[in-house]
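Next come two complexes built around chain A: one with chain B, the other with chain C.
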Partner chain A sequence: MLRYLARRLGWMVVTLAAISFVTFVVIKLPPGDYTSTVIANAEARGQAIPESQIAELKRHYGLDKPFLVQYWTWISGVVLHGDLGQSFAWNQSVASLIGNRVLLSIVLSIASLLFVWSIAFPIGIYSALRQYSPGDYLASFLGFIGMAVPEFMLALVMMYIGFRYFGQSVGGLFSPEYADAAWNLGKLLDLISHLWVPIVVVGVAGTASLIRITRANLLDELHKPYVATARAKGLPEWKLLLKYPVRMSLSPFFSTVGWLLPGLISGETIVSVVMSLPTSGPLLLSGVKSQDMYLVGSFVLILSALTVIGTMLSDLALAWWDPRIRHRLSKG
Partner chain B sequence: MAQPLLEVRDLRTHFELEDGVVKAVDGVSLTVRRGRTLAVVGESGCGKSVTARSILRLVEHPARIVGGQILLYGDQPSDDPLDLLAAKDKRLRQVRWSEIAMVFQEPMASLSLVHTIGDQIIEAIRLHGGVGKVEARHRAIEFLGRVGIPDPKRRVDSYPFELSGGMRQRAMIAMALSCRPRLLIADEPTTALDVTTQAQILDLLQDLQQELGMAIMLITHDLGVAAQVADEVAVMYLGEVVEHGPAASVLSEPKHPYTQALVRSVPRLGQRGQGRLAAVRGTVPPPYERPSGCRFHPRCDAFMAGKCDSTVPTRVRSDDTDVACLLYGEEER
Partner chain C sequence: MVQTIQAQPAPPPQAEPEVVKSLRDHGALPQWRLMWRQFRRHKLALIGLIVLVPIYFIAVFSGFFAPAASDSAHTALPYAPPQRVHFSSEHGLFVYGYSSTRDQETFEQTFTVDKNKIVDVGLFVRGDEYKILGLIPSDIHLIGPVKAGDPFFLLGADQSGRDLLSRLIHGARVSLSIGLVGVLAASVLGLLIGGISGYLGGPIDNAIQRVIEFIMSIPTLPLWMALSASLPDSWGPLTRYFAITVILSLIGWTGLARDVRGRFLSLREEDFVMAARLDGVSRGGIIFGHMVPSFASHIIATVSMAVPTMILGETSLSFLGLGLQAPAVSWGVLLEGAQNIRAVATAPWLLAPGLAVVVVVLAMNFVGDGLRDAADPYK
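Now for the complex of A and B:
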């Protein structure tokens, strides 16, 4: 088991190194660089920036150096000093820029995750146990609608409802009077009163698909012989269903649970933009648009690291949950 | 003759499918006697497994038990029998495993792979025995030892996939016996195993039967297996019992033409130079169309035109055997 872990960690480092390089290549692929954004912005204001000033900017940001040198400067800073570099556009360190928003992203993501689980698992299990009942059809019907409705549209509708009928300020996670206030109980309550809208919006699609997945997984297990054995033993029906097929049907869930980790940070970018939530997703989007390369590069690197770590946590969770996997791992 | 323990009367279990109704079990009557072994034999699809599952009401949609009685007799001959088909769910759950336990065909699929063997046995013992964890574990280990699993103290914490096929079936048997049932239903318990293991498992079942005094209902398509262990044999064809009697009589002097054809189709060692092995003529008719009259008449060598294809035979006693065939019982009618 320990050897397996060590091997996995080794591969994680290799994977991340490869991802960081590819990311950097992709960021540099489009023509132009951050100075193009500066020039475009200046032109939009009807100004022109002299050549010499642009060259000065390029030198300042290190954009005049060869590609590999730029990559090395960035990645060595990340690895050796934990320094993610500077954001050109915000003129701040990337770390402080992201850090401010990450907490809210995580709060939003975990809250919507709990929302999804608490609704989807019971409904999915019910749907499978009462297959083709009116309740199952209703769940399937609502589920397909939930999957089909685009999130941004749901966001707009919910904002309208929130504003029209509940008198909430449109968008954001805070009322204007709390937006820049220090944390206190009032601000926390204000956050909770705003949070439910994005939670529902972000959660609907996830709920719908998790209902379908839970239902399908459980239906696969319900008529297996081991369920008949448990029934023959005289166990009460609900008890045996929870102990045997439901437990079995959760294995595929554990194998994907780690993918939620990067989602904690990237969040639901489009929803966040539409609802102007101060989470990290919109920041990434604006960084990409202005070719703010260290911001984007660091962002993608963090997401990749979370993906890789999440995958490993998934595998460990699966090994904990399913003795067959554990058995195979311990054999090497 | 021993008292009856379980009497199945005119059991009907139908599959209600979109294309029609398949009468998988259609009027099965049979008797299992105290402490004895009844082998239920027949071709694939004759309804023997569905019969076994119907006894504990384990059939699932689209199958449905549509009629009949399943009478379980108490310890005292004077006790009124319990009709399992009419029993309330709670009463039925008490009967399951503590009075009637089952061993299934595929030990790998019939045990949960994510729970230890001990967990699954202890669960049954605690459910019916009302004993504590420690005591239940003790009994689980004892039964694992009894069915010949080496090092049961360690094996109790094994998962089914860590055991061989034969060991898994032994564990399944240990689980079935853990509540000391009065009847063990074994549904093709050795079909998935190799011949050597099969012989060991059958021996084991017989030894345990002696030791615990339980009755066994053995579902098998293998007449050799039936001959080895059964006291009585019930032969099934297309959802009904066509012949029911002592194993010695049924297997050595079969009355029903179907049983005769089955017995002829068993290869014997030392029997040579007689050409091809005799198979039962024809094939099993399609499930939605049951032949009129005697269901076996299209394949029967003793077919009597104008009689077998119109008259449904009833079961009559001939010597010590009950047989459902128009060749017999004329004088009693």
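Now for the complex of A and C:
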């Protein structure tokens, strides 16, 4: 088990290094760099920036150095000093830029995750136990709809309904009267009243797919001989279901937990752009658009790290949950 | 696995025993017939297919079905509301024109239906020029104003006074094809790499699996965003379209490759593969004649589920302004105009392309579900 853990950890570091490099290549792919954005903006205002000033900018940001040197400067800063670099467009350190927003992203993602679990599991289990009942059909239908509606579409429709019929500003996190107020109970309640919409919007797609996964897994297990055996020996039905097939059907779920986190963050990005929430999503979008390479690079690095760590945690959780896997690991 | 039995040449009819003959007449349908039977039992899948076929037909002949070209604009009529088609014995089919008033305080333009202005509407009318399938020039439209250039907005107009219905129909071409092209590219990659990995095994398999794990661990959306943002602005709509397709399929192939590999690994040990090998069938013959057919239907079903995902991907990217860009039209590009909640509040019909996305993706998911059930008709 320990050897397995060590191997996984080593592999994780290699993966992260590779991801950071690929990210950097991708950001550097487009012709031009941050200075071309500056030049384009200046031209849009009808000004021209002298050649010498551009060269000065390039030197200031280290853009005149070869690619590998730029990469090394960035990654060694990240690893050795925890310094994610400087955002060109914001003229601030990336760490402080992201730090301001990442908390809200995490709150939103975790709240959505809890929402997804608390809705999807009971419905999925019910659907499988009462296969082809009206309730099952309704759940399947809603699940299909949930998977088909793009998140931003749902966000737009919710905002439209809120705007049109409740006269409420659904976007943002606070009502105007609380925006600058100090933290108090009223502000907290106001935050919650604004936050539930994005939570639902971000969670819907995940809920839909999790219902389907749970249902399919449980249906696979329900007709296996061990269920018949347990029933034959007279175990109460609910105890039987929870102890054996439901538990078995949750195994594949653990292996998807790792993917769920980045998925939620992706969903959160688009929804936050639409609803103008001050999370990390809109920041990433603006960074991508203006070739703010350290900003985007740090984002992808952080998100990848979350994914890789999430995958590992989910594998460990799976081993903890499923004795068969544990057995295989201790043997191999 | 049963296919391989069917794949063998049938004995000549005169030598056929009675049992085989009766089996052929009653029980032994070819596999595709069995699959179609199973598919038909899935009512939702059938409905999905019935919805999709006409939509694709309209998209192929978009020039004919759309009342106007995608870029023809009535600049005086931004956000004009949808018109209703009326019928009277005097005018035949007609819609009412608009009269606009401008609010003196907010300078907001509002439109009211002007019952004095009547726009005659006809079927098979002449209007904007287009090319059927990009080849044959024509200017006949299924429905449109009799006098070319009159306002005719069945779904309302966008911010530049362009007919939303026409743009929706033109946009369908890109939105509907990008999923198919992307999935095709992803399947070729997935089949090839997964096949190599599964059939050869050993260190090559190990290396390929590590690469796949690596690609899968990169978060999708930021990667899509970074890649699409790195497309040069100078690229034309067509190049951009293909670039976006490649970006979308770059991630899609990994899941398929793993699936194919798994199938190869389990099939390699099957008796019929061993039999073929002992018979002296070549390696290519075993792979393409025996192994691929026995999991092809599964692959098709898996792949069909990826099409809607790619459509949603394109829509999201274009919506964020990173995918296709105007003057190209796709549903995502159209929805970009609905990003602002104020615009949506004054012109809720701007969300129509979103509705189209939902309908198409829903129908595709149903069909994919049916295909998955039908993939193994012997269950």
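The rule is short, and it goes like this: the second predicted complex is superposed on the first by the 317 of 332 C-alpha atoms of A that agree within 3 Å, B and C clash if a C-alpha of one lies under 4 Å from a C-alpha of the other, contacts with A are read in each partner's own complex, and residues count from 1 in each chain.
Keep in mind that, in the parts below, contacts are C-beta pairs under 8 Å (C-beta built on N, C-alpha and C of every residue); 3 or more make two chains touch, one makes a residue touch a chain.
This structure is a prediction, so every number in the text was calculated from the model and none was measured.
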Chain A as common anchor, with chain B and chain C clashing or fitting: fit
Chain A-centred angle between chain C and chain B, computed on Cα centres after superposition, in steps of 10 °: 80
First, second, both or neither for A:Ile213, with chain B first and chain C second: neither
Partner chain in contact with A:Ala111 - chain B first, chain C second, else both or neither: neither
Chain B versus chain C as contact partner of A:Ile119, first or second or both or neither: neither
Residue contacts with chain A in the superposition, chain B compared against chain C: C
Chain B versus chain C as contact partner of A:Ala95, first or second or both or neither: neither
Which superposed partner A:Leu235 touches (first chain B, second chain C, both, neither): first
Partner chain in contact with A:Tyr226 - chain B first, chain C second, else both or neither: first
After superposition on chain A, the shortest CA separation from chain B to chain C (Å): 11
Residues on chain B engaged by chain A in the complex (per definition of touch): 53, 56, 58, 60, 93-98, 101-102, 104-106, 109-116, 123-124, 127-128, 159, 161-162, 172, 175
Residue ranges of chain A in contact with chain C within the complex: 15, 18-19, 22-23, 26-27, 29-31, 144-145, 147-153, 156-157, 159-160, 163-164, 170-171, 262, 265-266, 269-270, 273-274, 284-285, 288-289, 291, 296, 299-300, 303-304, 306-308, 311
Contacting residues of chain C [partner chain A, same complex]: 213-214, 217-223, 225-227, 229-232, 308, 312, 315-316, 319-322, 335, 338-339, 341, 344-345, 348, 351, 354, 357-358, 361-362, 365-366
Chain B-touching residues of chain A, taken from the complex the two chains share: 223-226, 228-236, 243-244, 247-248, 321-324, 327
